[in-house]
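By letter and in written order, the chains are A, B, C and D; residue numbering begins at 1 in each of them.
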Amino acid sequence: MERIRAAVLGATGVAGQQFLVALDGHPSFELVRLAASERSAGKRYADALRDASGRTSWYCKEALSEEHARLMVEDASKMSSDGIDIVFAAVESDAARELEPRFAERVPVISTASAYRYEADVPVFLPAVNLGAPGPDDHTRLIDVQRRRRGWKGFITPGPNCTTTGMAITLKPLHDAFGVEKVVMTSLQAVSGAGRTPGVSALDIVDNVIPYIAGEEEKVERETKKILGLLEGDAIRPAAIGVSCTCTRVNVLEGHTEAVFVATKRRGSLAEAREALEGFGRSFLDLGLPSAPARLIAVSDDPYRPQPRLDRDAGSGMTTVVGRLREETTLGGAWGVKYVLVSHNTRMGAAKGGVLVAEYLLHKGYVK
Amino acid sequence: MERIRAAVLGATGVAGQQFLVALDGHPSFELVRLAASERSAGKRYADALRDASGRTSWYCKEALSEEHARLMVEDASKMSSDGIDIVFAAVESDAARELEPRFAERVPVISTASAYRYEADVPVFLPAVNLGAPGPDDHTRLIDVQRRRRGWKGFITPGPNCTTTGMAITLKPLHDAFGVEKVVMTSLQAVSGAGRTPGVSALDIVDNVIPYIAGEEEKVERETKKILGLLEGDAIRPAAIGVSCTCTRVNVLEGHTEAVFVATKRRGSLAEAREALEGFGRSFLDLGLPSAPARLIAVSDDPYRPQPRLDRDAGSGMTTVVGRLREETTLGGAWGVKYVLVSHNTRMGAAKGGVLVAEYLLHKGYVK
Amino acid sequence: MERIRAAVLGATGVAGQQFLVALDGHPSFELVRLAASERSAGKRYADALRDASGRTSWYCKEALSEEHARLMVEDASKMSSDGIDIVFAAVESDAARELEPRFAERVPVISTASAYRYEADVPVFLPAVNLGAPGPDDHTRLIDVQRRRRGWKGFITPGPNCTTTGMAITLKPLHDAFGVEKVVMTSLQAVSGAGRTPGVSALDIVDNVIPYIAGEEEKVERETKKILGLLEGDAIRPAAIGVSCTCTRVNVLEGHTEAVFVATKRRGSLAEAREALEGFGRSFLDLGLPSAPARLIAVSDDPYRPQPRLDRDAGSGMTTVVGRLREETTLGGAWGVKYVLVSHNTRMGAAKGGVLVAEYLLHKGYVK
Amino acid sequence: MERIRAAVLGATGVAGQQFLVALDGHPSFELVRLAASERSAGKRYADALRDASGRTSWYCKEALSEEHARLMVEDASKMSSDGIDIVFAAVESDAARELEPRFAERVPVISTASAYRYEADVPVFLPAVNLGAPGPDDHTRLIDVQRRRRGWKGFITPGPNCTTTGMAITLKPLHDAFGVEKVVMTSLQAVSGAGRTPGVSALDIVDNVIPYIAGEEEKVERETKKILGLLEGDAIRPAAIGVSCTCTRVNVLEGHTEAVFVATKRRGSLAEAREALEGFGRSFLDLGLPSAPARLIAVSDDPYRPQPRLDRDAGSGMTTVVGRLREETTLGGAWGVKYVLVSHNTRMGAAKGGVLVAEYLLHKGYVK
């Protein structure tokens, strides 16, 4: 069987490298083209990662595949979509605004950038939450709206911010079960979320916490409501959930930790909440997509879990680990729960989550 | 003028050493006696800190005073209160339950332990919050109740848990101004709060967050209501505030960071909230007590502050630094604010806070 | 084919757990018995790791095998050697002195403890260095001497200190090629080497270096000479190499980094040194033992490598990674090289290295 | 008494800020002018440190002085030397090559840059080592040579690399006492040495060691010989000492740790070595210069010291702390010692060390 021909934009950055890892040996997608900035263009990928001193900037635990290492890097601003069936884009927001529509005219663009995340006809997919979900909470059809409106053969679909990801995945089963009314969240985010240039300086984070990440809180509040919203006609009606959060950076390499407090419209029990979380996304998982984990959410009974270093790699970084599940009665609402979650910010929260979205869209015929 | 003769119990531990630093060169208190476990008894203090290999276990940035270094360590379980006017106790809770009453029969005991914190006739003082406050929110008089009930010449007064401290200090002016209805808080606590034996292992905290500190959340919820309560007759009526929190440990040496979300009964403005915070405790500060800082609360406009490494030493560790002050409308209530604070857990949050309490009680004649 | 029945002593500690991981699914060894202190005895292994609060103390990245989880823990001080063919011991030195001979009377004991490391009839095996080496540098035969002298059916063979391991592995090919005359080494050791109780406190190592590890330098100096020595008659003649080192602890979880300066008796070239390092142990590796990596030593050209976080897992923690290979002419000698190495202290440097030794001894008939 | 009017070039960077701290309240120097890049020119200093988001980039523990905060920043490339008596320069090497001679035509330039460090008529001063030393090891007179050759009224004198500093300070008394023949050194350097833009990324250093700092080893080897050399006629004859080193970066904020192995020409004892180290620079210290510490070198008996976090601030960062002093017999030579040192890389190793040099040159009439 022919594999779908994929390109990665922004291939030399942290998120781009994660796309390479997620696509290495992929049964359905074959990485055939790579693009980065002009500076890297015309070099083999392995050479583009190496500087004059011999230093190689490869940030993933997994080794770079030899096949990928030999690919020639193209200049993203000049690359055509010829011979490409799908684009995985991991470029900064400004570049995304320029580049992504150019490719979307012809082929699907799965993106990690926020550039188009808030446009009305652009779905922000989260597997099993609003993609492969049973009713009007499935947003897949918004792709058709986008294509029609923009006259594109392809489309753009950005993933959520990495901090939104873990929270929205855990809120969805609670919303289905009890009706989420409001959410208060404090994040303790890993440094890899900031990329590497400039990224977070050791001078800023060693023996320290940085209590602010520019723009992050607004993104989380806005995206959560969009992702949990319903598709009515040609538009998403955002979920009527109050969301308030404080986003901080801590001295952790990978894996975002979030302390979540939830008020619900209906009463429930911890046993029900746990069951809802652990059973979440069963029908989506039953599709057996290559990048899907065994469970989307795992609940731990050890009160000292989840911990980012120990739990970020659960389900190869695709399982959100929840712990410290307790009742929450202070927030108001009929009932509520509070918990801590760990979500891998560069796996499910970025590139590999994007590949899982692409797998589902392939299954549904949106990618071909 | 004669100085008050002070003893420190648990002098070799982290908190005990902080008492020594806080008392070094103190104008009113003279450290005359030191006690620790039987193992250290009979040695000069500097020798008690040194093990067989020559390793000296002194955990403070400040140098050990030469005068203190020469003091002979006594066995706490056998020490009498002769020649002592006040005891600063920094022992584990179990030891505190035994030792503290024995001294309290004769002299005031200022403690960092939780052993007696929740007994009805035991005040948990926080300077300017419920000590040196103008009305029934001043709990000083509970000392008289305690003495009367227990027939003691002295008394026991433990300080709050180090995580309660920063939150209660910042809630008080907001409560006075707007009436606090509920509070949701996530703490990012420093490792020094766990002491040193066993303390937090590097294997547990490097590149990690630990999402649980046994007993901490219950303490914060209970103590906050007690400290902000009113003294009615002979008893404290806890404040009717809903408190919900998640306490985590992060890879920071000193300084607890807390993300606080507050719903209030009355509407206000950020300018008013800021003014309330910055002006807090003016009359208490005007007493000019030796360990009091210039300001109990400082508010930063830099969105990237407070940071524990940069702000923990504000006011020599006695000023709580608040930043990211924003409106909070999700929690319910008429209005609300959210903010991040940094409080020094072993200064205001432990020994030096205790010394400030003692200074006020000396001023009021409860210590003499 | 029947598998060899193995027991692990000290199964609940950091090193013991590493033995469990190294034995999980092993083709030749079957873990049938586990022992730890009296406190754990009588519990299933998974329960012995869990404390009253529900906290599970499992320190390895790999999941605990379900089969191992169900094994019943025995009291090491009372365990017999019935039904056991080989013992992997990971207990403290004092306990090792007592326990190991009791088992060695009947079966081979592969140990991580230093208790017997310096006795004349006890080999300290390092794969391909003095085990499976071609001439009098092979120490295997010392097992016969030990058995004869002590009248044991089994024997004791401890692995080297984890800091010795990487240095001795890289010195051996240089010694063979150029004759090593003297070595100066500074280690930057990971915290996992100190175990977990007490281990290294976060308060000691965050934003810090500890310039001393009690006893470590003496061990490295002594063991290096023994391991690189020749077996003459029934005794090892230590190598006549001057060894001087300073051992420090740095804020790294796993993987010891060592800066090594070597003076040699014969002149050579960097190309020859590199070839010697990379080709090391070929005949040993050709045996295809299950725990052996593809290469015992890998040499990197990237001047910024090796780095412990990036290179400790090379060859599943069994490959020593060398970088920054340069000529060294200051030390004296005819010639010399200097380099930096990273060696995984709890894999090749402890349990998994021990399992590889056992695999070779099984191959040679010493284990059966 | 009139104070000397000082300017700081590169005032907004890490090293420049350290100059401001070192000059705050200085009895002899008054900071009257500040220069930085064009981007900062025309703003008050406090405003130049603040970005659009309100974030203030001040990297020192000490507060910015209010007087300095109000100074107007000038464009370094256009600043004249009018009204300035001395320049403290903390700019990158390329900028230094352009800017420093322009000022040196008129006034003394004390620099932290390496641009002119290796020119024959440029002294690299280290207090008490080759500045204020008794004989031909004093290099002060090289200033006269430089002025004469270049026709300048002022002069340029750069400080050594921060890694050279601690090693050269400790080698000098050993060289005087025993004749140093060769030195092998491994450094464990702090991240602050790399500055802040780009500096060291948290992604690179958390749970890690970086075994290479570009150019560092060559600097240390070359500078050490120059600094310890003798001024013969108009030129420095470098010391005939073999120097070999490996420079690494560790996860420490400030304070370089160095493991030093020294071979000497003459035999000695540890007691003599210790006495030489502790007594070093007595006559220099007796001058009572404002930035001089009580002791240039302190020797610790605690085997676990020096530690960068605990010892970097000794003598306000101007004292080099030595520990683990042991005999070294492997290296060759008649005798030898090995030890570990901690030196504050941004105090004695940079700005404050430069201010101390200026104080001595003021005392000698070279600055006026």
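In this text, a residue touches a chain if its C-beta (ideal position, glycine included) is under 8 Å from a C-beta of that chain, and two chains touch if they have at least 3 such contacts.
These numbers were taken from a predicted model, which means no experiment stands behind them.
Participant: Is the C-beta contact count larger for A-D or for A-B?
Facilitator: By number of C-beta pairs in contact, A-B is the larger.
Participant: If you take the mean of the Cα atoms for each chain, which one ends up farthest from chain A?
Facilitator: Following the centroid criterion, the farthest chain would be D.
Participant: Go ahead and note the Å separation of the Cα centroids belonging to chain A and chain B.
Facilitator: Measuring from centre to centre gives 42 Å for this pair.
Participant: For chain A versus chain D, what separation do you get between their C-alpha means, in angstrom?
Facilitator: 47
Participant: Counting only residues that touch at least 2 other chains, which ones in chain A make the list?
Facilitator: 53, 206-207, 214, 251-253, 303-304
Participant: If you look only at chain D, which of its residues touch chain C in the complex?
Facilitator: 182-184, 186, 188, 206-212, 214, 242-244, 246, 248, 250-253, 257, 259, 261, 303-310, 323-324, 328-332, 338, 340
Participant: Sort out for me which residues of chain B touch chain D in the complex.
Facilitator: Residues in contact with chain D: 50, 53-56, 61, 206-207, 301-304, 313.
Participant: Mind pulling up the chain A residues that touch chain D in the complex?
Facilitator: It comes out as residues 53, 59, 191-192, 196-207, 214, 251-253.
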